[in-house]
Amino acid sequence: MIQADKKTLQRILDDNRKYTADGKVADYIPELGHANPAALGFTVATKNDGIASVGDCGTTFTLQSISKVISLLVALLDHGPKKVFAKVGMEPSGDPFNSIIKLETMDHHKPLNPMINAGAIAIASMIAGNHVEERFQRVCELLHLMTANTHISLNEQVYRSEKATGDRNRSLAYFMKSTGIIETDVEEALDLYFQLCSIQVRCSDLAKIGLFLANWGRIEGKDSPLVDPCIVQILLTIMMTSGMYNASGEFAIHVGIPAKSGVSGGILAVVPNKMGIGVIGPAIDDKGNSVAGMRILEDLSKEYGLHVFSEG
Amino acid sequence: MIQADKKTLQRILDDNRKYTADGKVADYIPELGHANPAALGFTVATKNDGIASVGDCGTTFTLQSISKVISLLVALLDHGPKKVFAKVGMEPSGDPFNSIIKLETMDHHKPLNPMINAGAIAIASMIAGNHVEERFQRVCELLHLMTANTHISLNEQVYRSEKATGDRNRSLAYFMKSTGIIETDVEEALDLYFQLCSIQVRCSDLAKIGLFLANWGRIEGKDSPLVDPCIVQILLTIMMTSGMYNASGEFAIHVGIPAKSGVSGGILAVVPNKMGIGVIGPAIDDKGNSVAGMRILEDLSKEYGLHVFSEG
Amino acid sequence: MIQADKKTLQRILDDNRKYTADGKVADYIPELGHANPAALGFTVATKNDGIASVGDCGTTFTLQSISKVISLLVALLDHGPKKVFAKVGMEPSGDPFNSIIKLETMDHHKPLNPMINAGAIAIASMIAGNHVEERFQRVCELLHLMTANTHISLNEQVYRSEKATGDRNRSLAYFMKSTGIIETDVEEALDLYFQLCSIQVRCSDLAKIGLFLANWGRIEGKDSPLVDPCIVQILLTIMMTSGMYNASGEFAIHVGIPAKSGVSGGILAVVPNKMGIGVIGPAIDDKGNSVAGMRILEDLSKEYGLHVFSEG
Amino acid sequence: MIQADKKTLQRILDDNRKYTADGKVADYIPELGHANPAALGFTVATKNDGIASVGDCGTTFTLQSISKVISLLVALLDHGPKKVFAKVGMEPSGDPFNSIIKLETMDHHKPLNPMINAGAIAIASMIAGNHVEERFQRVCELLHLMTANTHISLNEQVYRSEKATGDRNRSLAYFMKSTGIIETDVEEALDLYFQLCSIQVRCSDLAKIGLFLANWGRIEGKDSPLVDPCIVQILLTIMMTSGMYNASGEFAIHVGIPAKSGVSGGILAVVPNKMGIGVIGPAIDDKGNSVAGMRILEDLSKEYGLHVFSEG
């Protein structure tokens, strides 16, 4: 199907390239600022029908907030849902990703969900390992398994910049330390969080991560799942309600595919039982989502009937 | 299937009856306060396999917040999504249903979504008709069509009590009038809103409304849809992200069925392409959801694999 | 002193006229929008040394928020501090005058103080009288006594405009009705509030009101006070901490005189034991205070050593 | 006067000792938790009439938030009001002392005033000196001059505990770093802030600091002021509007004396041109103010007519 449809994919890319002009690249660190705002590409990895890439899929970029899905997965594997969700909520938030207000006003000071910065930092503080390096390696190893790409690794420069400019995240973290949400060393949690945000990938990697989740935690060609399907179900649902910052509701309506975006312009999307999609388009809107990237996913959803709520 | 499975349904009811003790009936108006906290029942209306009820399905109750789905549907039929969502957002909110804070702090003062009180009042202000009575009748007529039950009508006493005690809603409405979200007469919008909340139904009515949506806007036995499927898709997605007050995220994870609850203890649930479910259990939790009702839906979801994200 | 100093007063006026260009007239109702932004004038009424006016003191204007001082005074006379402050707080607020947020978040939902809109509406709801007209007359009679000017009365057109556009205030009022802060009829409280805001005065009236308070509730030439000095002390302190909207702290530092401003550009200022000052300058800043008016008060404070904290 | 009145002072102490039972000692660090909740004492240092102490004035305690006045003074001496208030506002806040919400919502993210934690940390970041030790010594030397007590110094144990548990303050600080309010090293600013909070004093020291301010920056017996009186005026006004946490408005009404409290139960009060008062009463209320201490100041104000707004 995919190979046959490469023309369609190319058309969808071409149709949406104009939207790259409607966003701009994140520039809070120089490394992100240097990205090409006109770049656009995506990879689709299907269950039974191969993988196809169109556009600028050679572009490398860092996971940024997309790493929140992976770190949640690892924390759930380490501790199970009960313990994880004792510290972080499951509710979508109408607030910006870096808002601190609800940490003060909410009962128990729990961050609303693992897809906002506060929640993801709390999740990072739970990942098992004797030291930051070991924790980071555990996450990377899972990524290597999911993608069959052992080259996925840290972008050192991005990491150092994130760490140097991460004061708002530091503020969130110390707030959570003060309320008992973070029980371990704050600087270590932040260090791991910044490292996870700085993992460098390509679209094809995201597509394969997506396919891994679409396959309920199975690596293509293997029978037994690496991950309990219940955990995948949690990830998909949280991506659906909270994955696209405070445009998650709108994206769920228009696209209807569980997805997670990052300010690097990447988007990881999962069509359960069918395919994983990886998109890159560094020109983002004021909420942090790739403008053209969202349009591509909307067109794919409409073209192939991928909306989670579809007549059938 | 359903008839054969009536034993299963009864078992699920019996298993969850104990949870009625964990909630309490809403008591801000006397009519709700008189409800029986121990009552529990549900109806399942399937696409091809009939309808089945177990438990206290003779109980009548008012729609309360469940009416928000119906009024959104009517407003979308009247004006189309573009105009409706110019006034009301699509984003889930982490706030309680009656919160006014975001009306002050959000850009453009738009209520976050049509499932919170502010959003639903704004929606009510858009429903077409020459006067409140006509607008109310238009909504009722749609309900009569959906349910084939022309007895569905206003509970006058509940309506008068809602109106007499509705000052928080009045506050929300006048705020939105002051910011231009509501463009028509505020008291008329409120009057209609209170009337819609006070429509009296049974579980079987909710189940049929659910089936109507599960059938993409088609009445059982008729071919042509009454409603554009795109509009149904919007309703289902908003119910999924925002239908269960500020427990919507948790419900989406544990149950995974688009649903809308009311403080009367009713829940309308829709399994697209398969069935509608109506639940009544007046004992609600502090967020406004029927405690035992949510458990029943969770068990149904697990028993029949109804979670929107399921292996298949 | 004052007559001798008229030159100084004139100089202070002249020095500050340029600042009228830094503000703009309120325009949420047409009557305020028609004010002359270049107008500027003030009257000083001293304890033992007569009264002097410079600038555009023939200008009439409505009290707007300055009425909050008078209505608080009447409510305190009617009920005493204990009952009044059971419903409204004494704390300065960092929020804009029409903010609703703290009504939701604060313990007991009490408006923070009587100088913000919410607090003043709650105060209006406590003023004694069989009907709105009688309550309004009671306030006017006190104003007549304070100023020896029985012409002070309602500007009907402003009142009707305030009432027609007062939806944000209506929202505040219904919120307070819903939380029990307002116990009487909401529309009557609002009606009185809008009327009090629409009382028409001149600078000389404000100066005499100020002198009345500077004299601890005594009318010039009479021995026995009309008002318990304890109540005057409360008024002066609240004006000091909260009288200039969310610029009260800055004004207290730079000027150090208890004062209350209105969006009409009027300012009532009180130098205890010395004088009352009335200022008009309709060009206001984004917080609602007369730009040139505040400068005049700062210069008067420095020229005559009127800051409450002064070496001596 | 004072010596003659020692009986009155003793009576005021005795009258209010019962209120020590209405508060409880702060216990977020063990050192504060060990304070004697029943302790109560105060010192009055007058301009021309000597000094008198009654009650438990031998008690040592740490400045805690009282240090905010001293650090503001030093920052104003170092940089002048314009530069200082470019970073920190002058407005009283209706929020708790450690609230972070307004840092996110306010224009320019400026902390509302220097008496709340966020503002005081920003102020600490401005104090001149090559390193934390030097900055701390500069503050101490000023305290030594004011009090003629060179024994005033750091309580090491309190400092270490404050630093170890100061994560909420760390959160405030990093937030301000992220918004550019803090321009220097965050950890150094915090370190100095914790040290300043941990300076150990007795009531008599506070009384002498108060007298220094009452004397407009003059040391008793010396003619030339150490501090520009304009700066003292700023301090007194900010203490008046914002010195008693979110009970500042109420305290201003009932007591009418510029004052600053700390969670150690100390209160520094200044009656301009007349006297300084130091109070200790470790049993504090839920806002952080010494319960009996406030009562003592209210009685002193009434007994001696010290309210800033008094007939005269």
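For clarity, chains are labelled A, B, C and D in written order, and residue numbers in each chain start from 1.
Everything that follows uses one rule, which is that contacts are C-beta pairs under 8 Å (C-beta built on N, C-alpha and C of every residue); 3 or more make two chains touch, one makes a residue touch a chain.
Note that the coordinates shown come from a computational prediction; the quantities given were computed from them, not determined experimentally.
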Could you state the distance in Å from the CA-based centre of chain B to that of chain C?
48
Chain A and chain C: spacing of chain centres that average the CA atoms, whole Å
55
Residues of chain C touching at least two other chains:
105
Which word fits how the chains touch one another: line, ring, star, complete or other?
ring
Which two-chain combinations qualify as touching?
A-B, A-D, B-C, C-D
Chain B contact footprint on chain A (complex, rising order):
89-95, 102, 106, 112-113, 216, 229, 232-234, 236-238, 240-242, 246-250, 252-253, 256, 258, 272-273, 307-312
Of chain C, residues touching chain B in the complex:
99-101, 103-105, 167-168, 170-175, 177-178, 186
